[in-house]
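Letters A, B, C, D and E name the chains as they come in the text, with residue numbers starting at 1 for each one.
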Amino acid sequence: MSAASETVSAGSARTARIVIYGLLFLLAAVYLLPLYVMLTTSLKSLAEIRGGDMLALPREPSAEAWVKAWGQACIGVTCEGIKGYFWNSIKMVVPAVAISTVLGALNGYVLTKWRFPGHKIVFGLMLFACFIPFQAVLIPMARVLGVFGLANSTAGLVFVHVVYGLGFTTLFFRNYYEAFPDELVKAAMIDGAGFFKIFWRILLPSSGPIIVVTVIYQFTNIWNDFLFGVSFSSGAESPMTVALNNLVSSSTGVKEYNVDMAAAVFAALPTLFVYIVAGRYFVRGLMAGAVKG
Amino acid sequence: MTPIEPVPFVTPERPRRTVATRLGTLLPKIVLAPSFAITLVFVYGFILWTVYLSFTRSRILPVYDLVGFDAYYRLWSQPNWYMAIKNLAIFGVLYISLCIAIGLFIAILMDQRIRAEGLLRPIFLYPMALSFVVTGTAWKWFLNPGLGLEKTMQNLGWESFKFDWLINTDMAIYTIVIAGVWQASGFVMAMFLAGLRGIDGEIIKAAQIDGASNTAIYRRIIIPMLRPVFLSAVIVLAHMAIKSYDLVIALTGGGPGNATELPSTFMYSYTFTRSQMAVGSASAVMMLMGITAIIVPYLYSELREKRS
Amino acid sequence: MSFLEIRNLTKKIGSNEVLKNISIELEKGEFLVLVGPSGCGKSTLLNAIAGLMPLTSGQIILDGQVINDLHPSKRDIAMVFQSYALYPNMTVEENIGFALEMRGVDKVKRKEAIRDVAGTLQIEHLLDRRPSQLSGGQRQRVAMGRALVRQPRVFLFDEPLSNLDAKLRVEMRAEIKALHHNTNTTIIYVTHDQIEAMTLATKIVVLRDGAIQQVGTPHEIYSRPANLFVADFMGSPAMNMLKGRVVTVDGARRIAIFDNTVNVAVPASVTVDLAEGRDVILGLRPEGITDESLADPAAGSVTRVDAEVALVEPTGSDTFVTAKLQGGTFTARVRADVSVAPKERFTFLFNLDKAVVFDPVSKQRLS
Amino acid sequence: MSFLEIRNLTKKIGSNEVLKNISIELEKGEFLVLVGPSGCGKSTLLNAIAGLMPLTSGQIILDGQVINDLHPSKRDIAMVFQSYALYPNMTVEENIGFALEMRGVDKVKRKEAIRDVAGTLQIEHLLDRRPSQLSGGQRQRVAMGRALVRQPRVFLFDEPLSNLDAKLRVEMRAEIKALHHNTNTTIIYVTHDQIEAMTLATKIVVLRDGAIQQVGTPHEIYSRPANLFVADFMGSPAMNMLKGRVVTVDGARRIAIFDNTVNVAVPASVTVDLAEGRDVILGLRPEGITDESLADPAAGSVTRVDAEVALVEPTGSDTFVTAKLQGGTFTARVRADVSVAPKERFTFLFNLDKAVVFDPVSKQRLS
Amino acid sequence: QESVEVLHWWTSGGEAAALNVLKENLQKQGISWQDMPVAGGSGVQAMTALRARVTSGDPPTAVQMLGFDIKDWAEMGVVGNLNDLANEQGWDKVIPAALQEFSKYDGDWIAAPVNVHSTNWLWLNKAALDKAGGKAPENMDELFAVLDKFKEQGITPLAHGGQPWQDGTLWEAVVLSVGGMDFYKKAVIDADAEALSSDTMRKVFDNMSKLREYFDPNFSGRDWNLSTALVIEGKAGAQQMGDWSKGEWLRAEKKPGEDFVCIRFPGTQGSVLFNSDQFVMFDVGEDKRNAQLKMAAAVEDPAFQIAFNTVKGSVPARTDVPDTDFDDCGKKGMKDLAEAAASGNLAGSLAHGHAQPSSVKEAVFDVVTQHLNGQITTDQALERLPQAVASAQ
């Protein structure tokens, strides 16, 4: 057999690169459109929004809407903008993410390194829990929160998010720890470490990638949740999404689209930040376990 | 090497199991127990509760008198419910397949040693970070013929350009697909990218040496090797499709007419706005049965495979 | 009573009996090597001794105490894993010190002990690195250090050298030998490598499918394998197994091989009576078949055999020659500079002093 | 002109020069083995030949044609990867047939070719399985089959046996040897294993840090290493390196070793003039130092040395004895059943015929 | 400190400002106001939140609610009792009976009505109307004639937002216009199956189809206030909408009679379809009861009634409030209401929950919306309407 003498010409390789980059940037532009619309609209005046082109750049950019959305816009009878609700969300998200992540990590640890008969069934049941539609649990959950005295409180919301986040966090950590060498646990046992010591000193410090994935996933889901927020909190206690909804979907009155959009961007900032900063680790973390590829 | 003092060695009096060792073996279960108990009560307990409610005549609030299958008769006599199921079929199939196709396509492009990867990755991922409470308005504008794409194109001089799916009863469900794909395809891209990065480079080299062209390598080797990722992606997307609610409410509110009703919006509206809680519960039960039909075989195969 | 005694140990995983009624006794200071093919249960046995998995039945008695139900952390046993199992998030220093820390040894003493061990293993300059920044050999030494720092009652090594390249392996082997020599601790060591087993052990246990095949000194195992499996498993190239039959020549019992074309004296080690006409298998290691110049001048019973050379494999230090004769092939070891080529005839010297005889049915050695 | 010629090949990765000015010539049907320590550039060189990475400079000429810019798929070269690189989504049959399919061979012919190869490798019964359902040894054979089915111009093997256990390794080695013998194809083979290198190669190239140290037949490499590195790298246990000085005794040039306590004849291979007083290093492999019974009767120049035994390592087939003498240690290979114990004195026979001499400064062999 | 927690969906500027009057009034009495706004979908989310609160055993003090929802909740036995206060202040006399229907359950006062909206209004851009002849249409045919003229002017004739409740609002106005009050009562209030599939109803649906042709293409899903804006800006000629629409005009600094014209939906003169926002007082226990009663009293305070209703566009829930502070449209509304109440031509609005429970209401919306969007034909609509209503009951 003889090989055809064909050389890779530098020219065709370059065309291929150009096509790839072209496609990627075109797609990126499409993906960015909604964000672009939100940003430009938030910088326009109301008159310009009504009369102008949605895709046009603002003629006289102004940060007024931003200032108003943050500190002055009226939500119900209080006109202090969304900043208070922003902190509500933070107060809810941080403990909820932390607790569900820690519990998920512990569960994953037990389910992979301390197996007992029936561990698969336990895991299967916990995993299936990821798939239940949340609308179905609102009423009984309200009852339970009432009984526990957690109704209408941030603690209650944290509790709800932890409960319904457990399935996913357990899944993530289980898949990750599945690939974690058993020998390390055995070695630590022989070295004299106990159950928690092994977890704390050996597994947890090596769980960086999966913690990133879990935290990102939980953070976005909890931050963006509306249903639980509107059902289990009220008034000044409400998370960001509820306040945003009150701002943008009030049924009467002049719609201040620029303020709405500015508020929407504020509401999205933390999650955007998380994805931009941790995107690289997200893919890495997915590689490390969440996806079995 | 100077010997260090031998560490005092604890000798148990009896060779039988001590309380300490027994506690040691129980500890993992004790740690797992709260999570498991919570899941049992708050997921499975609530599912049972929902099943129970579906056999009552609950309307505005739960009542607990059993009346048999009344709610199910009502449910299956609702044209809305059929519409919801039909829409879910259209939406589910398109949403899952488009997300996977686009996600895979972008992932493959991104895998070509792209310099700007750090810049592009978050751009494709960010829609996942935004709730539809946030992006709904922007999307509504964008798809609205009077404000968005159609108008922009016409302003740009393409007078005959028409894009009115949002208000077209036959096409509105596809706008939901568009927005949904926009939101989730980046996440799927990340999953595929992770999968691609996990493929052993030597296998690709081997294929090159075997004489495969680049397209043949993708078609015959790489994409088939991503099978587990496909499976994970389908599961993740299927569950998002079934739970999709924000998307519909923000974009069309179920309209025009009931053209974009989905089981999730159906259930919500029957339970909470139409004061037909029993029918809502019945629809929830049907949804759960559908989910079970998809997920349980997956879980079963997934957990079985581990044995070998 | 022995220092470590394993009595009738059985371990089932599911319905699979991974260890079958294992009994081993070990004195203090002995170096026990476990060998056997992959999957025969070596790691399982180590894990059982370390307490990392529950037993199905049987007892493990250490220093007079039944330790079946003792938690691994209380057994005072150190283990070096095949994969090293270094804690990836800790520095070398922390890795080595971890066991001491868990036992509550104070910081100053710990540091001292770590320095000492690191000195012995010549890894002082690596103390601040993490495992990912070490080469395979360095990792191996750290894993060893982690065990050494503790001075446990028993060391367990699970194929600690299998990931190293040949050169480093030789070095590390010497270090382990020196360690054993200097500290006189009790060691149980798993390996695939025949040379390691032979050079390190004071006692070898050969396992197969969870059952003990033979227990003995390296010399016993090599020279007087209990059965065909052990004979075939130890040694590379493997022992030549020649089909033979007992014949009487000039009134003396001899063994006819190569389809009766050659007959050889019955090895001295065979003391049982061999009935005439009985089928046997004659085992002779490659180094028992040599060229003239390599033959052992002290050998008592030597037979010369002419055969056609099939394959010549020079390894540098020796040359292995595979030859064919009447429906049988055998491999001989000849001096490296002997000139021999395929298809030629060559005269081989069979040293029957070194031969062993097996029963072809029971597969046991006859002696 | 040679069949495969590599001319002044240089490869930089970043600022790191991974291959330095490599030139190799290979005739059709030769079996070239590349050896060298981990990270020396062996895989890189194979990849360069296969076209899997661009060169920094230099030329690769195959069958008279410069193939630098030819795509791997057009070079008609087959490669077996260290990790096997089987396509996990395809059955064994599809794996083996993939290359043919890519070349547009029709289905019937493909099937036939696959059957043939599978027959040779004894994997017919595995054709419907997937790689994940195979054992290591079976995978190795499939990887081989994938290369064999093609009858390419050159085979490249990257440590194809390194993942196998000792027994299987010996078997596979024989199969590769037979393959080369029967088909007379050109093979380039990377290995860590000295025995593999020695037994398979018609030509060995020793690499170190991307530079060629020596090219030669196995015998040349083993017996006449070009420098200290090659001498030390090939052979296990390693060659003994003894510090020596040229002296004149009774008018004859000799080499004094062990702090001048012993002097030995200058090996016959040293033809250069050694000035009196010159420092040299005398290299002698363990099998060149023996007990009385193992000594080569044909040896020309033998010196007896009495030394104290430090360590005895019986490997079964031989015993390695390490002994100390006046600020130097050496390892000897003695007959397995010689009785020798540490601390005793023992008489060793140094066979100077096999010795080589190196310059301690340039580290090159003197000859 | 005593406090009231108020669940409502009046989150936009004007309404919230009006509520502030109530809040400040209460604060003067030492009662703090915990705001619990839940916007969106005319109270859909709010009702979800309310369910959660009630189920958890911690209901808010007062909840903004409409019509039949009040009855539903009262039936659950979770609401409070305002009888003492009502008797003391004589609510029976000043609050119209039609409202009391919803404010009372089993004869007990449970809610404090805030306002009365009426839904059968048509809002016209004065300039456009002048161009079209200037005469306000008085029946469906005249309406179509005017709409045709608007079309000739190149503007959208009828600004409509395609959301189910807006479709329903339009539909009930057409029902009233085509069939008159008796037919409305029979078909809508009594949900008479025959009436729902009668020829009159066929005419209603035919008229709906006809009206549909006067919409602009972007109507689907549009919020009502955006439609109003179209009329204000002169991009559209008219809008059928409840009186809350007036707030938009006022905020745009337009004057009734000068810039815009408010008329009863053609053919419904003399009849009023109403809905009334009420604050339902939940059973919150003794310690919070005092504050709750003070809030109820404050709601019925004429000053609040004026302040709130002038902003909201509605008319006061009490009949004894003077109309001096109201504009022309407001005055007209108050007069219409009084007359209709007297003549028996006052009926609850279906679209706003004052004619049927929400299950039936939504069932009707389903049919109306699907018909309006061309998903079903008129024949199908006539067939399906009685079925949907029956199965929802």
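The definition used in the following text is that a residue touches a chain if its C-beta (ideal position, glycine included) is under 8 Å from a C-beta of that chain, and two chains touch if they have at least 3 such contacts.
Here the structure is a predicted model, which means the values were calculated and not measured.
Undergrad: Starting from the defined contact criterion, work out which chains touch subunit B and subunit C both, please.
TA: Chains touching both subunit B and subunit C: A, D.
Undergrad: Count the C-beta pairs in contact for every pair of chains, then give the pair with the highest total.
TA: Looking at every pair of chains, the most contacts join A-B.
Undergrad: If you average the Cα atoms of subunit B and of subunit D to get two centres, how far apart are those centres in Å?
TA: From the centre of subunit B to the centre of subunit D is 55 Å.
Undergrad: Taking each chain's centre as its mean C-alpha position, how far apart are subunit C and subunit D in Å?
TA: 26
Undergrad: How big is the gap, in whole Å, between where the Cα atoms of subunit B centre and where those of subunit E centre?
TA: Between these chains, centre-to-centre, one finds 39 Å.
Undergrad: Which positions in subunit D are in touch with at least two other chains?
TA: Each of 71, 74-75 in subunit D touches at least two other chains.
Undergrad: For subunit A, jot down the residues that touch at least 2 other chains.
TA: Those would be 139, 141, 194, 245.
Undergrad: So which stretches of subunit B touch two or more other chains?
TA: 24, 61-62, 147, 225, 268, 272
Undergrad: For the complex, which residues does subunit D have touching subunit B?
TA: Against subunit B, subunit D makes touches at 47, 50-52, 71-75, 77-79, 81-83, 85-90, 98-99, 102-103, 146.
Undergrad: Can you tell me which positions in subunit B touch subunit E when the two form their complex?
TA: Per the touch definition, subunit B meets subunit E at residues 59-62, 74, 77-80, 140, 144-147, 164, 166-167, 169, 172, 249, 252-253, 255-259, 268-269, 272-276.
Undergrad: Mind listing the subunit E positions that touch subunit B in their complex?
TA: Touch residues, subunit E against subunit B: 41, 44, 47-48, 51, 54-55, 72-73, 75-76, 162-164, 216-221, 357-359, 362-363, 366, 369-370, 372-375, 384, 391-392.
Undergrad: Under the stated contact criterion, what part of subunit B meets subunit D in this complex?
TA: So the residues of subunit B in touch with subunit D come to 200, 202-203, 205-213, 216, 220-221, 224-225, 227.
Undergrad: Report the residues of subunit C in contact with subunit D in the complex, numbered from low to high.
TA: Those residues of subunit C that touch subunit D are 37-38, 165-167, 170, 174, 177, 192-195, 198-199, 218-219, 222-223, 234-238, 285-287, 293-294, 296-298, 311, 313-318, 333, 335-337.
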